[in-house]
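Following this line, the structures themselves.
The following pair of complexes shares a single chain, chain A, combined with chain B in the former and chain C in the latter.
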Partner chain A sequence: MAAAGTTPDRRLDELQADAAAAAEQRRQRRYLVRSLLRSPTFVVGVLIVLFWVVMGVFSTTFTQPPALPHPFAILQSPSASHWFGTDDLGRDVFARTMAGAHTVLIIAPLATVLALLWGGMVGLTAGFYRGLTDDLMMRVVDAFLALPIIITAILIISLLGRSYAILILVIGALFTPVISRTIRSAVIGEREREYVMAARLRGERSAFVMAREILPNITQPIIVEGTVRLGYAVFTVATLSFLGFGLEPPSPDWGLTVATERLNLQAAPWTVLFPALALASLVVGVNLIADGLSSTFSK
Partner chain B sequence: MSDDQFRSDYAHHLIEQVTSGKMTRRQLLVRASVFGFSATVAGQILAACGGSSSSSSSPSAAASGSALPAVVTGGTMKAVIPPPLKTLDPVTIYDQGGIVLVYQIAEYLIDLTNENALKPKLAVSWAPNPKGDVWTFKLRQGVTFNDGSPFEAADVVASIERVINPKSGSGALAALAGILSPGGTKAVDTSTVQFNLDKPFADFPYLVSASSYNTAILPRNYAGDFQKKAIGTGPWMLKSFVTNQSAKLVKNPTYWGKDAQGRQLPYLDELDFALVTDTSAANLQLQSGTVDVQPQTVFQGGQSLLSDSSLRVDVYPSTGIREVAFNVNKTPWQSKELRQAVAYCLDRKAINQALYGGRSNLGYDTFWEPTVFPGSPTPPVRAVDIAKAKSLLATAGHPNGIDVTLTVANYLENPAYAQLIQAQCKPAGINVKINEISYNAIYAGSNSTTPWLNAPMVIVEWGSRPTPGVYAQAMLLPTSAWSSSHWNNSAFVTAFNQYESTTDEATRATLATKLSSIQQDETPILVAFYISQLRTQKKNVYNIQGPGSFYFDTSQAYITA
Partner chain C sequence: MARLIGRRLLLMVPTLILVSILVFALAEVLPGNLGRFILGPYATQSAVDQLNHNLGMDKPIYTRYVEWAGHFVTGHWGTSYQYTTSVFPLVMRALGNSLLLAGFALVIIVPTSILVGVYAGLRRDSILDRAITISSLSMTVIPEFVSGVILIVVFAVTLHWLPVQAMPPQGSPFIDRFYYLILPAIPLMLLELGYIARMARVGTVQVLNMPYVRTAVLKGLPRRRVIFGHVLRNALVPTVTVIGSQIGWLIGGLVVVETLFNYPGIGNYMVNAALNHDLPLLEACVLVVAVLYMLSNLIADIVVAFLNPRIRMGG
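Up next, the complex of A and B:
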């Protein structure tokens, strides 16, 4: 009878404990969100990024076609009809600057997500298994980290050609090593903790422990690392385009525009100034979000 | 008929052409120069036509006023040019930086005036036989190379035989192939050279002039080490050369050249070149006063120079082009109608405005353009006609439009030109994808692999050529070494051979009309404009000669205080 009477009580205790844990998680989430919304750094960053997302998606519906030349209106200074002036082919710089967000906000986030996926797998595996697996994987990662990102990207793009997909793959691959190191460090900090031990004692498979037990507990460093890498990805896309290994004309991509219009820097500085400011503002916006996340998570 | 009789008859023929209104006075001067008439004799022929015998003045002179200030000798002139893309060697140079440098040190048999007419340099006279397949050149005497060795006919023979040897890798082959074969150049005596051509060629002197920039005259024992031991008969000697940085030249004290007053040339003591790849950096050097002159200013990016009150920008109506070639061996460009469709999409005025501020001369897809080659027949104007383009597209079997790829180097205004073509073709349903590659990449590889000769559609930049025939010889014949279109039209070839083998100007005019008509109708290439070259200098720099671009004659240049 005693055993029969204990089981429902224990189930009730477990349910109550689970409910309390879920409530605690919800409370922590609410606290995090409130903290983030109270962080001016984070809010300003989000507003800047949001602005460029909206511009990237919708700007072509209310601006002039960004690729349409007007040869009889080249290099006109900013005016009521052309807020940011016109470029060397008479194209509206405002339209091109706004549309330029579109390309970078497709390539950079997707490349970052790809790097998080690949880096997450490598970091989780190496940090979880440690030993020879860790040694081997990290030496390979070290070797890749020694490669200069831009030069390696140029070499790969020279071989494979230029396209959205290749840019995403290349930047994703080149950011994988550094992300894997961050995630491995976080995993090493978690793998000896009691909940991981308990999962192992329950006989859970390693993949389950990594994916369902450890991963949810290292989301904060992953989010911060991902946001930081996003800023770098934006800059890498622009750098590659500037060097002639990114997108092709007549793309309004900011890096490409700065590269092609820099010849007109003296005669028409607005052709370079606005795309450069746009690029800087997006990178600053992403970095402000990363700073806001980092300081909130560390409280 | 003797050569002298032939020249006399030809002089009378020119007079008849001018007096009957079939030839302009400018064209007479140009044609007279081809047949080796001196400026004095050409002036006399012109006088016989009636009116003044003066020719137009140089842009430099015109821009700086009719009277140049008194000559100032001595001093250093600093210029900025792109660095040579290959080792400095007159036999193989092909880029602006290399050509400008070689032009200062070595000389050609014939040079070009500011109007693209021929003027004697190391050759003092030249004349063809009546058939036009043997040309005899008399050489200047008393000329020495800058190492003290004498200049003789054997040096000319060696120089020309060297560049027409296929192993040399010289670009001169592109112009001389099928016209002059190895063994065809003979030294008659130490001061006379005879060229025995494979076929009559009326424009032959141009092929051994400065416009064929690999035909610089070098010593017979030249070993290919020009960058270390720059040898030539020119006004300048190479003092130092630092790859991608600088080239310093000092005056050749034994130079044969004298000015009209008998003063020794060059006037300047030194000529320093800054080798700068980046156009905006080069423009800044000019504006900041670091350098005195830029031999070739690119309009795109150079707009700020045009309004700089401390600088003078001379405009030379050159014949340089940006060829848009359709490779007729590759799909879909076998279709003449498709090629014509693209031609009817182009708004040439708008392109000229965007790329050159409206300064260039419009072209209508033929080399026989009267605006740049006086005396050429006037071709039908090809205005924008999107409806016609769509109709041609449908005839070509693409009623719903077509996707094509245009390969272009990231060089000069070429990418901007490609974008204009892309935008202007779109309304007709021709979707142009731009494949932009580096300047080195577009010229990399062998003739069978290099993008500029093998891409289906490609933009290629051509420096100024002095006659339509020289252009056609280089790129429109089956034998042309630089044919990006690979066009092979037997009617054109036949007419072209007739055109170059006759000295009768009326026959040449008739054949020119036929050639122009075939070229425009077939449209193997687009020639939307003939570029006007810009040369920018400080206002105290005077008397630089040559028709712009890499023709940068500094032998009579000087700088006032």
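Up next, the complex of A and C:
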């Protein structure tokens, strides 16, 4: 053992140090989770969003079929058999409102993940290299932000046509500039820190430093930014659907329903009111989560 | 100051060219065969070719871009496919309607949100402050068409306080239009209120902690004079910056609110033109909105520079 030299001992030391660091990390994470669960904003937000996730996935198993028209039960006001009334085709508004969560909750999160990926790459590169790379990338970002998002989205969707994939790609692309700005400024805050210098002196490649050293240290701002963007993504998907550039009938999507049923607004306000309230609750829920996260992280 | 404005105007040029290329690309790709799209599947091939020739769709792309851009600059914006009238007067009338709505909304938004924010800031951490902050922030995240629909149901359909439509019947005096614009302006206000009020609140809270405010209070000035003479003047500078940066959101909001209320503004025309493949009208609307957006950002920057002596003097 003694003849074998110091290598195994040192390895043991390293292992123990690693284990201690990992335990410390776990302890911090547990502390963070506990303080999140103590934040009422976060918990209420999670409950609201969870409710809509469950409804989006399972509601069709226990409600009436959301797309089934009843020609003899048109525009009935809310009652025991139709909790939220029926629409102009006699479809059950409760069933459609619950099922309406489905499409938004597929498109918005995927678009956000896409924007985080792209924005993360742009932000990391621009913030890490600075100089000319940074200047060029930020000029392009500025050009993209030169028009209101909703107008660029309308233009591109009229250009490419409507589909799930195009909605996700367009919203992901249009959210990339803002996210890359946030991530860039977080990277700039980290790149002069000692651990980054140490990694560079060890001779690590730039890609390694970015992905394994800097990235883990900026997860908190990324998570907050991602949640805030998710709220905006829900907002944007709904707005595009409302304007006629999102989903197509007979989808029970909330934005689409408000757009198509608003002709009955005066005769049967419930056909519009319930999907509108559902959408409002989901957006507020996501933003409550974002608020809870950012105030817990900044403590 | 003049150099600042000049530089910002120059910076607008590449962005405008970029937008115009995007719009032109749209005009190229969107219709596929434009003549076939207009005439339908039963028209003869020779009629389709003739129409394509009349519309200039058979020339090479770069010629058409240069021609198109030239026409645009000289005010020849073509004929709308939908309305079969000249686009220029159509868009200008819609722009006037939109500016009326946006201006009216701003006149309501700015004083209300500053009042709300300063009030919350002066009563920091009270229940009222919490209520104002939370409710105004949740309002900003709710899409305009959602708050608009809820407002219509409450104030127009149920209480009958305000009209459902945004335009008065033909022949009414001009002043009536403002009464009809109240309901469409409120969703726009809710969208902006949270941000502006939060800024005004933060500004007030910060200034209240300044030594010069304490001096003013200690030398025995009445509370009203402290607030108006010392607090407000300094608290509002960051608020003006935020108002400027919110104009983009306001324009995006116009598109939605005009569609919801069927108000004949430029956003409504743009959406309808995009849905009905009315290219000349769509191009004109997008370019006009782009210019409007850039100009309003420029004006906001100039106002901020004007309020901040460090930028004003430094150029």
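What to note about this one:
Going forward, the second predicted complex is superposed on the first by the 282 of 299 C-alpha atoms of A that agree within 3 Å, B and C clash if a C-alpha of one lies under 4 Å from a C-alpha of the other, contacts with A are read in each partner's own complex, and residues count from 1 in each chain.
Everything below uses one rule, namely that a contact is a pair of C-beta atoms (placed from the backbone, for glycine too) under 8 Å apart; a residue touches a chain by one contact, two chains touch by 3 or more.
Values in this document were obtained by computation on a predicted structure and should not be read as measured data.
On the shared subunit chain A, the superposed partners chain B and chain C overlap sterically. Applying the stated contact rule after C-alpha superposition, one finds that A:80 touches neither chain B nor chain C.
In the superposed model, A:201 lies in contact with neither chain B nor chain C.
By the touch criterion stated above, A:71 is placed in contact with chain B alone, chain C being left untouched. Shared-chain residue A:132: touches no atom of chain B or chain C.
In the superposed pair of complexes, A:235 makes contact with chain C only, with no contact to chain B. Residue by residue along chain A, chain B and chain C are tallied for touches, and C comes out ahead. Looking at the shared chain after the overlay, A:89 reaches chain B, while chain C stays out of its contact range. Within the superposed three-chain model, A:284 lies in touch with chain C and out of touch with chain B [touch as defined at top]. Stretch 437-445 is the one among 41-49, 95-103, 149-157 or 437-445 where chain B clashes with chain C after the superposition on chain A. Residues 244, 262, 265-266 of chain A lie at the contact with chain B in one complex and at the contact with chain C in the other.
Here chain A touches chain C in the complex through residues 143, 146-152, 154-155, 158-159, 231, 235, 238-239, 242-245, 255, 258-259, 262, 265-266, 269, 272-273, 276-277, 279-280, 283-284, 287, going by the rule given at the top.
Touching chain A in their complex are the following residues of chain B: 279-280, 283-284, 287, 298, 300-301, 303-304, 347, 350-351, 353-354, 410, 415-416, 418-420, 422-423, 434-436, 438. Only residues 67-69, 71-72, 74-75, 88-90, 244, 248-250, 260, 262-268 of chain A touch chain B when the two sit together in their complex. Those residues of chain C lying in contact with chain A across their complex are 14-15, 18-19, 22-23, 25-26, 29-30, 137-138, 141-147, 149-150, 152-153, 157-158, 164, 248-249, 251-252, 255-256, 259-260, 270-271, 274-275, 277, 282, 286, 289-290, 293-294.
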